[in-house]
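Here the chain labels run A, B, C and D in written order, and each chain numbers its own residues starting at 1.
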Amino acid sequence: MSEARIDVSIEHKNAPEPEGKRHPNTCPACASHYRDEELDASLWVCPHCGHHFPMRAQARIASIADEGTFVEESADVRSEDPLDFFDLRPYTERLAEAEMSTGLGEAIVTGQAAIDGHACELAVMDFKFMGGSMGSAVGEKFSRACDSAAERGVALVSVSASGGARMQEGILALMQLPKTVCAVEELHEAKQPLVSVLAHPTTGGVLASFATLGDVIVAEPGALMSFAGPRVVQQTTREKLPDDFGLAESNLRFGHIDAVVPRPELKRYLTQVLRLFADGR
Amino acid sequence: MAGEAELRLRERLAKLRSLSLPGGTRLTDELERLERQLERMTQEPSGEEIWRSVELARHQDRPYTLDYVSRIFDDFLELHGDRGRADDAAIVAGLARLDGRTVAIVGQQKGRDIKERTSRNFGMPYPEGYRKAIRTMELADRFGFPLFTFVDTPGAYPGVAAEQHGQGGAIARSQATMVRLGVPTVATVIGEGGSGGAIAIAVADRVLMSENAIYSVISPEGCASILWRDASQAQKAAAAFKPDAAHCLELGVIDAIVPEPPGGAQTDPDEAARLLGGSLREALGELEGVPQDELRRRRRAKFRALGVFA
Amino acid sequence: MSEARIDVSIEHKNAPEPEGKRHPNTCPACASHYRDEELDASLWVCPHCGHHFPMRAQARIASIADEGTFVEESADVRSEDPLDFFDLRPYTERLAEAEMSTGLGEAIVTGQAAIDGHACELAVMDFKFMGGSMGSAVGEKFSRACDSAAERGVALVSVSASGGARMQEGILALMQLPKTVCAVEELHEAKQPLVSVLAHPTTGGVLASFATLGDVIVAEPGALMSFAGPRVVQQTTREKLPDDFGLAESNLRFGHIDAVVPRPELKRYLTQVLRLFADGR
Amino acid sequence: MAGEAELRLRERLAKLRSLSLPGGTRLTDELERLERQLERMTQEPSGEEIWRSVELARHQDRPYTLDYVSRIFDDFLELHGDRGRADDAAIVAGLARLDGRTVAIVGQQKGRDIKERTSRNFGMPYPEGYRKAIRTMELADRFGFPLFTFVDTPGAYPGVAAEQHGQGGAIARSQATMVRLGVPTVATVIGEGGSGGAIAIAVADRVLMSENAIYSVISPEGCASILWRDASQAQKAAAAFKPDAAHCLELGVIDAIVPEPPGGAQTDPDEAARLLGGSLREALGELEGVPQDELRRRRRAKFRALGVFA
């Protein structure tokens, strides 16, 4: 009923393969298998079919920042456990485990860098750290990255990969949405742009805050970008989902992003964007 | 769940904490004194008490946005449509008067009977609803009308069309609009404050919360089904992520708790509206006369400060 | 094709009767016939079925302004014929005839008034004057009304009824769109609102300029409001038009107006709007 | 149709006329001298000459927006989407560089072959296209990028969905956005300047028009079918409402005419782009350094002054 009042027409396009439980280096699109070094050399893009594997934050930074230019900031910011949260395991244990398994202090890495000579600030998320979820530490690090960019008079390039807000921090996780929105607003007051790159997946609270406030917004091929995940949508609405539900390509068609940029072209694309914004002033 | 004295105490504490202390020991002393007092007076709400809030926040007889608007404000003029594609009935917007002064209103609206519930999509907005909210906020800004928002939604609607119409971006842009407003803004979580769908209209100078409302990053059921892999563990999940007003106040997420009549707002909507009206007037009174730029600066500082990290 | 790329879903609702060639006082909806005085007494709303007949500018003003408060402004502004335009007849002849048959100098009447005690400015169009078309004189009079409202610190209430820009003035007619948009902008800079009432029909250049820039926008029941008229749409697209194509009621559903206000309630509605905007300052 | 000397003369005349004369007889004298000179040099374009403009403006080989953009600007980065519902290919938008300086671009875009023509809807935008234009203008404003728009449309698309999505309001709001911009803006009618669909992106500080472009309140065919009740009288209608550049300049609707290569822009797109590039640089040069508020004030004064009445 309410669906019928607001126009609900949807479009169907070619489906991506379902994920299932495979070895992480087996291509879900063409089933080719690779060694880490092989994928590392190809920017974690399947050399056979072009499928974009998830990319770790450090590899992402190496792939877009000029060699030796990245200087990490806010590396010491760590999550706390304000709610003494305990589900099947304590939140603190999950944090410790994530830090161990990823070598990262949080789900986002921020710092100064240059891209083809253009000084900028980077904020790169890592989905492997608790699903790239945004809690207080991620919000704080992203916001400080906005401040750093504003102070230095450079653009902020963010690369998001996130399942959404971090449930274990309860309402404080939700507050990272307005917090990062405020930070982007302060970046804009300093006349500096946010260039937002959406990697697979960018959903929930990250999509509903800074990621969609980019002055230029691009997504990687096949990246899921949706506020609600496909499973939630399916369960809530019992609708048949379009095959390309929430994917970058459909978001381009629906007007939500400026381009779908394959990973090997991303550095060149960002260079052009940074050059254009730098020449405006 | 909590006596009025306790609520006032918590409110006072929250305000003291939010002040940027200019080196004053006196204030810190008072803070400690109040905290000790509060501790004596109350323990943390228990898991059962939290769940009671969840039930009351969702109670079918609970006053909704328009129930409060009609009781607190005069001369309500509802505005319709996003000027683009639709009029989303899950969000109501308009102008009204409070003590003779014109204000703007935006709120989520649930339905009372089956038909209205359906037409209002159970208070779950589409992006079109947030675009209606945005244009109403901009209207308020253009004419200097203070803005009152009322949060009462299980969440933004998770549907295929909602995604295709840009649900994430609409929620982000509604927040960004609120950050920019040059008028006083007061948000109240009156029932369910469900996640992104709630915060979209709650980035205000003062954020109030009804005593039995809940405000959370995810629904108890959603949290339970993800973390416990069992939606029936909702009560356990709620106890863990603490969506109740007392906890929200303690965490600095809200500025004050609005008392409800004993047993909950549904027992006496007129009295609930009287109490809410008082809180709204008080909140607005604190904001009037503050210059636009200062309002914006403080609003940003307030939300920038939210979070606990090491 | 392009229709398919941009979402084209449409909705159908109950149709109004086609107009045809009837006596102007015969109700097109229920075929009741009335004398002028009868319709005048009922605000030109069919007492039998509620159909809204076109309303002349003076009757409109009388129906919303407090008695004796209307003071016309810019009454001396007249159209010129900058293109020496001649189709089947000279433009100057059409103008003279319109003035004779309507008793008006142009298709809009503007001036100061009070509505239930609230001082305001009125700009009321008259469809009978060359189809309410907007040429230089209409644009000038509307713009001066904005200035008058801004100077006096009151709201502007416009009532539009227009087939669009006046072809006989060529490109200068088109320029009345940005001209009136600029005037509304200046009204807004003076912190005064435009309250836009759309009467049947409001189409083309008037819809695409000031009429849709109202801070509050309402339409009369059954009023057509569309940029392109139904015939043009039909001829261009060969689509089957929905029965309620472009009508006020469908525009409310699609989010373009705040309310559909029956004529007998219009004065009360405007009073509320003026009271609200006056109390804000 | 008109020599370059004549065009320059007309341009100079238009500029003189637009100056608010501070009581100076000297200026009035020069105006008269120039007008006499122009009269000697040329008569009014005839009906045949006007129709020739209509044909050239619609010529299938005429350079379109992206043909000019690629020749005049460097580093074009196309932006897509209205951030709401669609990406309308009938309007292109983006950033680019002109002489090393970043600028924003918005233009209607027709298609070259059948497939592209269809996908670009023959250059007839939906409201979504105007919303893409609006957000690009706002981006330009936020970062101080001068805005260049290119007008080439038979008109905004007259379809059911376009109406339902708010065609009239989108055109009005696009104009209102242009009125508010604090950056220099230059619009050029490069081909067909069709009615509301054209003016939506042409409320600029400087409005240029290619020598063989047309700019009109209605298409010749539309005018003929309404006033002559016979669409085949289009040539007669065009002669009556005079959509050619010379008349538009004379009426003060445009600020300057951009010369085209002999025979029309389609005969030598490179030369046409070189000529347009020169005019764009000149127009921008006149606007740079003007403070934001003054830009806005002059822009409003310019459009407020358009029209002939007694």
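By our rule, a residue touches a chain if its C-beta (ideal position, glycine included) is under 8 Å from a C-beta of that chain, and two chains touch if they have at least 3 such contacts.
Please read these numbers as outputs of a predicted model, since none were measured by experiment.
Seen from the C-alpha centroid of subunit C, the farthest chain centroid is that of A.
Between B-C and C-D, more C-beta contact pairs are found at C-D. For the pair subunit B and subunit D, the distance between C-alpha centroids works out to 48 Å.
Distance between subunit A and subunit D, defined via averaged C-alpha coordinates, is recorded as 41 Å.
If each chain is reduced to the centroid of its CA atoms, subunit C and subunit D end up 28 Å from each other. Contact of a single residue of subunit B with at least two other chains is seen at positions 83-86, 128, 164-166, 169, 173. Residues of subunit A in contact with at least two other chains: 5, 7-9, 212, 253-256. Residue ranges of subunit C in contact with subunit D, taken from their complex: 1-3, 5-11, 77-80, 82-83, 85-88, 135-137, 139-140, 143, 165-179, 181-186, 203-205, 207-213, 225-228, 232-233, 236-237, 239, 241-242, 245-246, 250, 254-256. Only residues 83-85, 127, 131, 164-166, 169, 173 of subunit D touch subunit B when the two sit together in their complex. Touching subunit A in their complex are the following residues of subunit B: 85-86, 88-90, 118-121, 126, 128, 156, 158-169, 171-173, 175-176, 179-180, 195-196, 198-200, 202-203, 215-218, 222-223, 226-228, 237, 240-243, 247-248, 251, 253, 299-300, 303-304, 306-310.
Taken in their complex, subunit C has these residues touching subunit B: 188, 191, 193, 212, 215-216, 252-259, 272-273, 275-277, 279-281. Of all residues in subunit D, only 75, 77-87, 95-97, 100-102, 128, 132, 139, 142-145 touch subunit A in the complex they form.
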